[in-house]
């Protein structure tokens, strides 16, 4: 038990813009000296996928999900105005112009700031995602671990 | 006033996957001995609809909403990859394979664990939903009741 | 430091229904004597746009975003059942019938109740929105200011 403020974020969404918001808040809170956890569940797990293909054995449905879902943060679409992939390009262009950090770098920065990145094991099972396919140095847990963090949290968000 | 931890969830979304997340967190928190409230508003009210048709008198617009909106949790679509109803089937198939509890059972479990299920009366009015159409043993309240719970809450989420 | 309860809402979404939910909660919390902040970011900034066209100098991408995004709360679509703009009309019709306050009035009421309306400066930059295009009497801040409010908050939501 420390006296540090705590921020927890459930990242459910698999959209580039919402994931960006989650990581900007997380990095801000970490810089503000909060203990920060991002609990990735459902489509939010895609933010943790490695961008290269990984050799893992899977059933048919799991292969389907694996193919359909974006492989990593950089391949996600927007929650609004996605325009068949043109929207993310527009956003990335303006981000570059304004020197804003792209999402993969925001995730790296979070790891450097010791933001705890957690993958929800129950939804990993459902979507057929395996540890080999996800980023290194993340944690694996379920809803009980989330609640243990969140009930001590000052800022708890569902994104 | 008890010393119990409290979790409150506003369920605004009418998606199968988001509703599942809401009920998994709620059931987890109840098992963790929290007092838990799910406040169903807007499209989230559809999770509380009975799946059979109910005889109630309605105006034209209210009938339209009633027809268009899913009748109960099991008929909801996904927030992502819905694929005209194929997505929910995929999810339900993998859930079955992994022995995960389907949404209607998660709702029953919440009721058994005394999670307080509340229907927002203001949005019931707007969408023309009547008490006869919703599950038994739920409560009816407005934003003031939600805030009274949430301001004492340890974990407050909007889903 | 006051002993007042605090509510903070991040309004990320640019949907009419979600924005309505945000402002109903905010107005309720203000009536309940909470200090309330709505932090508008990404598509949520559109709720703060003036509905008339404003003469400002912009680059090409910024002009594009300006044209594509809804000019003010009243022009937003729904998160569900938008039906190419017919959905918002249906909702507004039933709201009128039930004497529910339309969104632009909910925003005015929030301002009268001293709800702090904040525009996220980082996403204003990204989307090319300028102060002249947004409502008067709002504040401008970034994620640090949000966190300073939220870490003292009793109810913190991401909508």
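By letter and in written order, the chains are A, B and C; residue numbering begins at 1 in each of them.
The rule is simple: a residue touches a chain if its C-beta (ideal position, glycine included) is under 8 Å from a C-beta of that chain, and two chains touch if they have at least 3 such contacts.
Predicted model only: the values in this text are computed from it and were never measured.
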In graph terms, nodes being chains and edges touches, is this line, ring, star, complete or other? complete
With touch defined as above, tell me whether subunit A and subunit C contact each other through largely the same residue numbers, more than half shared, or through different ones. different
CA centroids of subunit A and subunit C: separation to the nearest Å works out as 25
In subunit B, which residues are in touch with two or more of the other chains? 156-158
Which of the residues in subunit C come into contact with subunit B in the complex? 5, 7, 17-18, 21, 24-25, 28-29, 31-32, 34, 79-81, 90-91, 93-95, 97-98, 100, 154-159
Please name which positions on subunit B make contact with subunit C in the complex. 10, 12-14, 41-43, 61-62, 64-65, 68-69, 122, 125-128, 143-144, 146-147, 150-153, 156-158
